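Each structure below is given as structure tokens.
Shared between the two complexes below is chain A, which has chain B as its partner in the first and chain C in the second.
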Partner chain A sequence: MMKTYIKNATIFYLLSRNALKITLQGRMGVIFFLLGKIIRVLFIFAFLALVFNRTRLVKGYNFEQILVFFLTFNIIDTLGQILYRQVYRFRPLVVSGGFDMVLLKPIHPFIRILLGGVDFLDVLLVIPYFFVTFFIFAKMEISSFHMFLYLLLIINSMVMVTGFHISILALGIATTEVDHTIMIYRDLSAMGRFPMNIYKEPVRGFFTYIIPVSLMMNVPAQAILGLATPWFILFSLLISLGLLCLSLLFWDYALKRYQSWGG
Partner chain B sequence: MITVNNLTKIYKTHKRNGNFFKDVFFRAYNELEALSQISFEIGNNELVGFIGPNGAGKTTTLKILSGILYPTSGKVSVMDYTPFEKKPSFLKHIAFVMGQRNQLVWDLPSRDSLILQKAIYEIPEDTYKKNVNELTQLLHCADILDKPVKTLSQGQRMKMELVVGLLHRPHIIFFDEPTIGLDIFSQEAIRDFIRQYQSETKATVILTSHYLEDVKKLAKRLIIIDKGSIVYDGSLSNIIEQYSQEKLVVVTLEKVIKKKEIDQIGVRFSYTFPKIIFKIPKARLPEKIKKITQSLPFSDLTVEDEKIEDIVKTFFRKINS
Partner chain C sequence: MIALVQVFKITVKEYAAYRLNFVLWRLRMFLNLLVNFFLWTAILDTRTQFGQYTKDSIISYILYANLIATFVLGSRTAEIGYHIQDGSIINLLLKPVSFFKYYFARDIADKLINLSFAVCELLVVVWIFKAPLVAPHTISVFTVFFINGVLISFFVNLMLSFIGFWTPEIWAPRFLFTVLVFFLSGSYFPLNLLPDFLYYFLLATPFPYLFYLPAQALIGHIDPGLVFFQIAFSFFWVFALYKLTVSLWKTGNKQFSFWGR
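Let's look at the complex of A and B:
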């Protein structure tokens, strides 16, 4: 068992090293990508500052609380992009038949198609998110129990993110459609950038119980602010586990129907 | 080693009616039977040529044998494994080299792909060095190991595909069109390599190729598949014996002669000085050779087998008539 973990970790390291080498080949692209992302985040900060310059509370949340939601969303979203960037490159692999070569290797295909292309540019971005978030937590005097709960629920959110990405891969095999699905996922998950109760019903219910964006992006922030009930936390843990299991079943189903396109 | 029993594979494809609304909301499907109840066995250390026209089911068979595709029905056993289960212990013993697929990292030198392959197959350092050394020497490609793959020619890339694909010394190798798109020198190099590798490692090899010269030069046994069914399974010499109706007599002339003089031999020919190629039915060979030697001013004369492509064409004509 331990040997398998070490082998998988070595392969993950080598794939990440290759991804870094490829990224660094286009240095101008790196600069523009980073600038674009930084400008986008700064604009949202500026927008929030502008809103809270005119009003003290939005739907009962103060500026710091809204920032906790926003930063938590960014941490989860960016971690997803760091780890699962390879999913964005899955369609060409399926339509060209290159996925065949992945299936022939004596390792789990997820190591290649899910984790095989770590995005180091997003690693650079997630570091400041962590710093700012923990700076705010320090100012808010958060208890260590709430801190532990927050980290646990971030991991729980990552399980959901994983489930969504596995489903996208399975859909890619079944339909060769990945690009639009991943964009729809990005747009829907962006609904969780701010607390879900800024939306009205039935939108709020839809994004909590049907597509659990709220559970994925909001629950860690709600927990650390003391706004989530134990039952709601338990519910989110169960939903993430269920989502992961369903995505794995969908993956097995899709793999049996894989037609190996491209000759 | 490989046993296939009543293997069937059906592909489902979207049937288009030409009506956008119906195509989107009331989708119908066609079922295409790519393989229909095929059965065969391949023993240890065999090199089998697997041929057939486009869409006959060759690649589908190899993909099922290697575990890429899930069979619709039938039984497949490779080294006592069920391929689709994709057990790592099974996958470590096989290799699938496809002329039209690339497993090298396009932007990086092949050495990076080799290092990754070493980790995936858990190859010890000294074995890794030895295997890389042997394979690159066999293929004469040690000097391109550190060149980015995107800068390699097609022939060089295919050589590196072979080095990466066979690094773990597999016991079973599926070659799918390994010489496709290569010039004659690269084709020859790849053929020589496969022959030498198989004789040294005693691997079991299944080879598909549209260049039947590959199959003729490498395989002793031939499986011909057509429309998803096996139509021939036997020795290559047997099919040549059975279906080769003509011999090629190649005559090199000493001086230019008129076409009328060649016509008197009384068989089909093509003539571009100094060569005449006669196509002579086997039964009339001695008589016609005698006539050629008596009436034409030649400096050289050779008798060759009909091209394997022509023999296979004759075979297909006969089975379809």
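Let's look at the complex of A and C:
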């Protein structure tokens, strides 16, 4: 058991090192992408500052609270991109038949197709997100219990993010469609950039109970702000576990029906 | 002209061949519209005025800006960069049709298909979520800004693709441009809500001419004291960007070489 973990960790390390080398091949790309991502976040900050310069509350939330939601979304979203960037490159592997070679190797395919392309550019971004978020928490005098709960729920959100990415891989095997699915996932999860209360029904219900974007992106922020009941937190923990199990079942189902598309 | 009509038709047929891709793309755009619409609805939940805007005018601005952006920014020119990289641009250069006109015809097809879906999406938002939409104003001013916005977008998109003549990293500058456009062209909010110095600075750049000013014209918020200056500047940007695009195209062609075709 331990040997398998060490072997997997070594392969993950090698794949990540390769990913870093590939990233550093395109220096100009690195600069432009980083610049673009930083500017995007700064612009949204500026937009929120502009709004709250003229109004004190939006749907009952003040500026700091909205920032907590926005930063929490960014942390979860960026962590997902750091870990699962390889999913974005899965389609060529399926349509070319290269996926056969992945399946033939004596390692779990997830190490290659899910975790095999760590995005180091996003690592540079997630660090300031954490700093700013914890700076705001320090200002808000958050208790250590709430801080612990927040980190626990971030992990819970990452379980959901993992479930979604595994489902996208399974869908890729079943239909060869990955590129748009992953971007739709990104756009759907971006609905959780702000508190779900801003949406009207049935949109709000849809993104809470049908596609649990609200549970994935909002619950950690709600918990730290004291806005989530224990039952709702428990509900989100159960949903994330259920989502992960379902995604693994879907993966097994897709893999059993895989007949090799390309080659 | 007949050749360009055929190019237009072929582009439309390309979309018909990859229907699912297109529908999924529009779904993404619709989700983005919803976020922006609901955000502003929430901001204006307990108030009727935001800056110089009424609730109806700001929601209308967001909806019109989205619609205009769909048309103005819709483009097939991103593929040029890849054609330069793999050398297949040679095939196009050998055709007896102007390169610029060829891509303009493709762009118009792209814009019209996207616009037809965007109109339906807008109607869905208006119908289901009872979004207020003010009747279009100052159509003549809008038309001038709109045509110039389309041309500015076309030339900028071409230039972003021509980067492929000098570097294989063509996607990153386009990503940066897209990020800048969505904020500096007023996709999230009308630009005149910004502090004055920033607003006037932006007016000197090409960004507001893409869809901020056309949308402002439609909701009747054009500043009469500035409109002539703004129209003049939009013509200036069309002319300057056209010259720059042609110059980049000529320079790129001169040093372009490719093996194996």
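One rule holds for everything that comes next: the second predicted complex is superposed on the first by the 262 of 263 C-alpha atoms of A that agree within 3 Å, B and C clash if a C-alpha of one lies under 4 Å from a C-alpha of the other, contacts with A are read in each partner's own complex, and residues count from 1 in each chain.
Note that in this section a contact is a pair of C-beta atoms (placed from the backbone, for glycine too) under 8 Å apart; a residue touches a chain by one contact, two chains touch by 3 or more.
Bear in mind that the values here come from a model prediction, so they are computed numbers and not experimental data.
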| item | value |
| --- | --- |
| Touched partner set for A:Gly97, first chain B, second chain C, both or neither | first |
| First (chain B), second (chain C), both or neither touched by A:Gln259 | first |
| Contacts of A:Tyr199 with chain B and chain C, given as first, second, both or neither | second |
| In the superposition, chain B vs chain C on chain A residues touched | C |
| Chain B versus chain C as contact partner of A:Leu24, first or second or both or neither | neither |
| Partner chain in contact with A:Phe43 - chain B first, chain C second, else both or neither | second |
| Touched partner set for A:Cys245, first chain B, second chain C, both or neither | neither |
| Touched partner set for A:Leu188, first chain B, second chain C, both or neither | second |
| First (chain B), second (chain C), both or neither touched by A:Pro106 | first |
| Doubly contacted residues of chain A, that is, touched by chain B and again by chain C | none |
| Complex contacts: residues of chain A adjacent to chain C | 26, 28-33, 35-37, 39-40, 43, 47, 50-51, 54-55, 57-59, 177, 180-181, 183-184, 187-188, 190-191, 193-194, 197-200, 203 |
| Contact footprint of chain B on chain A as seen in their complex | 7, 10-11, 14-15, 18, 21-22, 25, 96-98, 100-101, 103-107, 255-260, 262-263 |
| Chain C to chain A touching residues, read off their complex | 20-21, 24-25, 27-28, 31-32, 34-35, 38-39, 41-43, 45-47, 50-51, 129, 167-169, 171-173, 175-176, 178-180, 183, 188-189, 193-194 |
| Touching residues on chain B, where the partner in the complex is chain A | 11-12, 59, 63, 66-70, 86, 88-92, 94-96, 98, 100-103, 105, 107-108, 112, 115-116, 119-122 |
